[in-house]
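In what comes next, subunit A is part of two complexes: it sits with subunit B in the first one and with subunit C in the second one.
And then the complex of A and B:
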């Protein structure tokens, strides 16, 4: 043992300890890279671009970019390749960092809302900007936030929404059958798409309008 | 490797060096402890204006003799949690302290003592306009108190009514990311810690 002591002494000097700590940190970084999620690998937190105008047709285009890009509970980041790059995530788990928005995150982004609930202006969020916004479906249903207001369902038109306490979807097209084509982020298995729904006649749903459209 | 990750790596390395060097522990100011008030029961047990405000928000809720109500008054905020054993939902309304004006609300799926999600709400603010986070926390069956730690104080919530506990944070809110972290310690009947966790919650659904 006494022979080993002189050999071990250099290992305890500060430089070696620092190097060891540095290597540990590097291995942690490498492990994190190996476990990268869609959000950590692709998304950003850039500031939105204020825009003076907002047209319903333009918001339809924003919504259609999210189509086929998947669903992520609490999510708000997607690309535009029509592939869900975070499929089969655990249900209602926000921490997995998958691709897509959830119902309220999609609505927030398509309606170009501000994080400031008192601001009714229009803000263009990049599709890779990871933002959900402060509202859940129940908040939209109640018309919470300056840009949002409850609205008669019978008068709802394209890019108005129907919201319940647990879900929200936006009108894509009014169908002749009395149902509507709704663009919505529905669930992990069904993703974000256009679905035929009868929310207009469902008593659990109320009408919601984003105020301040230019046209 | 993004800037944040590089920063984290440097921090880990620096922390290792400081640990080896043996840095002195700075004296911490004493943290104050606040114990919240809780009322459990039916309609007659909670403040009527708060219940009315909550029922206005959730028109689908009909209070009956089977409805369980838990009203909490804490330092950061007050809340009302409503559960009807016949429905798979839990309804929550959040209020500023000592106020009956609703500032936030939440709905969660509540089945077999399991909650689908903490149902974070970040729409309430304190007097200075800083965002507050409120979320449900499901206590362990043996837990007798839930302590949520902030930098300068700890808020203690007694579990009640067999329902999730609506807890609050100010320092844990990451408003830009619509999320919050709660530093939660559960203690048993003998006062010993049963579990400690950092509950991460995001606005969702």
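And then the complex of A and C:
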């Protein structure tokens, strides 16, 4: 140690110590900033706003805001600039913090549900509120949670949904072919949009109704 | 004393470094948030849900219903309104009918009853609607070309009624041949499968059959098309496609049309991409409406059934690619046939399908297919000589199959059921193609995809 002391002495001058500390702090902050994602940079964790009414055509507009904003597995936060700000994310990765909901996260927000599965009330979640909700597609399919119930597919109307063990999409409008226009967060390559689908007649899918609509 | 002084310098350096770093990050963040597009004005959003009553039977009320989707405070329904412009047949002046608001959102909150004299016209009636957000002034015309290509609603007065009764599941016909069989994968001869925790499985999304019997499969997961000749994998060719679920059709010269759900990142409108037989991208043509159902080759080139108009719109006329406006101005209710006629499909209620062959805007013949089992989508409706082949899907909560009907002027000439074989998702109306007198089905199982051939002229 006594041999090293003469070598270290020039490094222990105040200016060098100051510069080293400055660079270390700057590097740490820069590294933290480099890990920022769409979610960490834009989203919040605000409490939802209870709403007395909930209309099917009003909820459609919640989905229309999410349109073009991308898909993110496990996600539930988006803005409204019609650009996916987390494109080309790897499959089955939620840690990338990209923009958009996944199928069940979009449904949860559009259906204005509660994090409490025993609560059937109506809650408005801001589009930048990062929330996925407690349900996966299979839960919706099984009618898990007080607000959700299984429902005959043939009778499904606008804002009812079709759910499989891995996916859920909401009815936008029936088509003349007998297929349906569905609003859904489909996949990374597909994004969130309105697509024509044949879930209604596909036995892998069941009908789901959000209960408690005002009209 | 010297040590204390060094510690002080160290703390100062850390503090200043952190401060400068945070300031720089904040500045970069503001630059970043400013570099992305700002949020759009939500007042611009207006969209419509509408099921045009393409084919009406005697006694049915002629009521036009629309849902208007536009943002309002507290995510309530917006204060919307609008007018429908209706006329008898396809010529003459339109009559303006204001829409009235109702409480029935299931079929459309905004309603107009077509006057009896127009509804009773033997030529049917044509109409378009102009919808408005009364608070913001945002408006939407559907169909988008308005008076230039209105919706057409035709009387189906002398239709042949085909009563299917209750569908018997489990009695399916075996294919005459399996012309393609390919395991999942990415190597040549295999086909791509996309499967995530909240979607899928999604396999090849469409296929078509060439004049020489070759089967071409759109393997969008691997961004290529693959060709099978005489049951053997013959070639695979890279394609510049998005990887989304797309429909496809082969042109007579071997060119390939792919109907994409979106354009490139900046282009949100779905688009038709045309490729040479060698896979070179020839053109990208944005379609007129926001959504599509299916793509087929018409006598003048590819035609796309689109929503919300539900019309068939040509994307190409001869060698000329049509602008969105030109497409919308050429909308018509049925698929164009080589003989100049049209075939119109209308799935009514939960368990009826109406099919009509038109010449001009006149019904030549029609069928009403009624069932005691709910009917899903009409996957295919195409002429076969003087007959019409229809593939429709009966379903329950737990079962589904495809039902193939060969219709003639007397009703059903023959019919059989086909296993749905739909483990992996495809484009919505892309599971069947008719080539010659054979029906081809794109199917899949957990081990791979296949294309089966059913010969329709074989007596069984």
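Everything below uses one rule, namely that the second predicted complex is superposed on the first by the 188 of 215 C-alpha atoms of A that agree within 3 Å, B and C clash if a C-alpha of one lies under 4 Å from a C-alpha of the other, contacts with A are read in each partner's own complex, and residues count from 1 in each chain.
The rule is short, and it goes like this: contacts are C-beta pairs under 8 Å (C-beta built on N, C-alpha and C of every residue); 3 or more make two chains touch, one makes a residue touch a chain.
Remember, predicted model here, so these are calculated numbers, not experimental data.
If you stack the two complexes on chain A, which partner ends up touching A:139: first (subunit B), second (subunit C), both, or neither?
first
Given the touch rule stated above, what does A:51 touch, subunit B (first), subunit C (second), both, or neither?
second
Quick one: classify A:104 as touching subunit B (first), subunit C (second), both or neither.
Both partners.
Once the shared chain is lined up, is A:21 touching subunit B (first), subunit C (second), both, or neither of them?
both
Check the residue A:165 against both partner chains and state whether it touches subunit B (first), subunit C (second), both, or neither.
A:165 contacts subunit B only, not subunit C.
Would you mind checking which one, subunit B or subunit C, touches more residues on subunit A?
With both complexes superposed on chain A, more residues of subunit A are touched by C.
Going by the contact rule set out at the top, does A:194 touch subunit B (first), subunit C (second), both, or neither?
Only subunit C is touched by A:194; subunit B is not.
Which holds for A:117: it touches subunit B only (first), subunit C only (second), both, or neither?
After superposing on A, A:117 lies in contact with subunit B but is clear of subunit C.
Is A:73 touching anything from subunit B or subunit C once the two structures are fitted on A? First, second, both or neither.
Both partners, subunit B and subunit C.
After overlaying the two complexes on chain A, where does the subunit B footprint on subunit A coincide with the subunit C footprint?
14, 17-18, 20-22, 24-26, 28-29, 32-33, 73, 91-92, 102-104, 136-137, 166-167, 204
Of all residues in subunit A, which touch subunit C in the complex?
12, 14-15, 17-26, 28-30, 32-33, 36, 41-42, 51, 53-62, 64-65, 68, 73, 79-85, 87, 91-92, 102-104, 112, 124, 136-137, 152-155, 157-158, 166-167, 172-179, 181, 185-191, 193-198, 200-204, 206-207, 215
Using the touch rule from the top, collect the residues of subunit B that touch subunit A in their complex.
1, 5-6, 8-10, 12-13, 15-17, 20-21, 57-58, 60, 89, 91, 105-107, 109, 116-117, 119, 121-123, 175-179, 200-205
Residues of subunit A touching subunit B in their complex?
Listed in rising order, the residues are 14, 17-18, 20-22, 24-26, 28-29, 32-33, 45, 73-74, 91-92, 94-95, 102-105, 115, 117, 130-139, 142, 144, 165-167, 204.
Name, in rising order, each residue of subunit C that touches subunit A in their complex.
5-6, 9-18, 20-22, 24-25, 28-29, 32-33, 36-40, 42, 45, 47, 49-52, 54, 67-72, 74-78, 103, 105-107, 109, 194, 196-200, 202, 242-245, 261-262, 265, 268, 290-294, 305, 307-308, 310, 345-347, 350-351, 353, 374-378, 392-393, 395-400, 420, 422, 428-429
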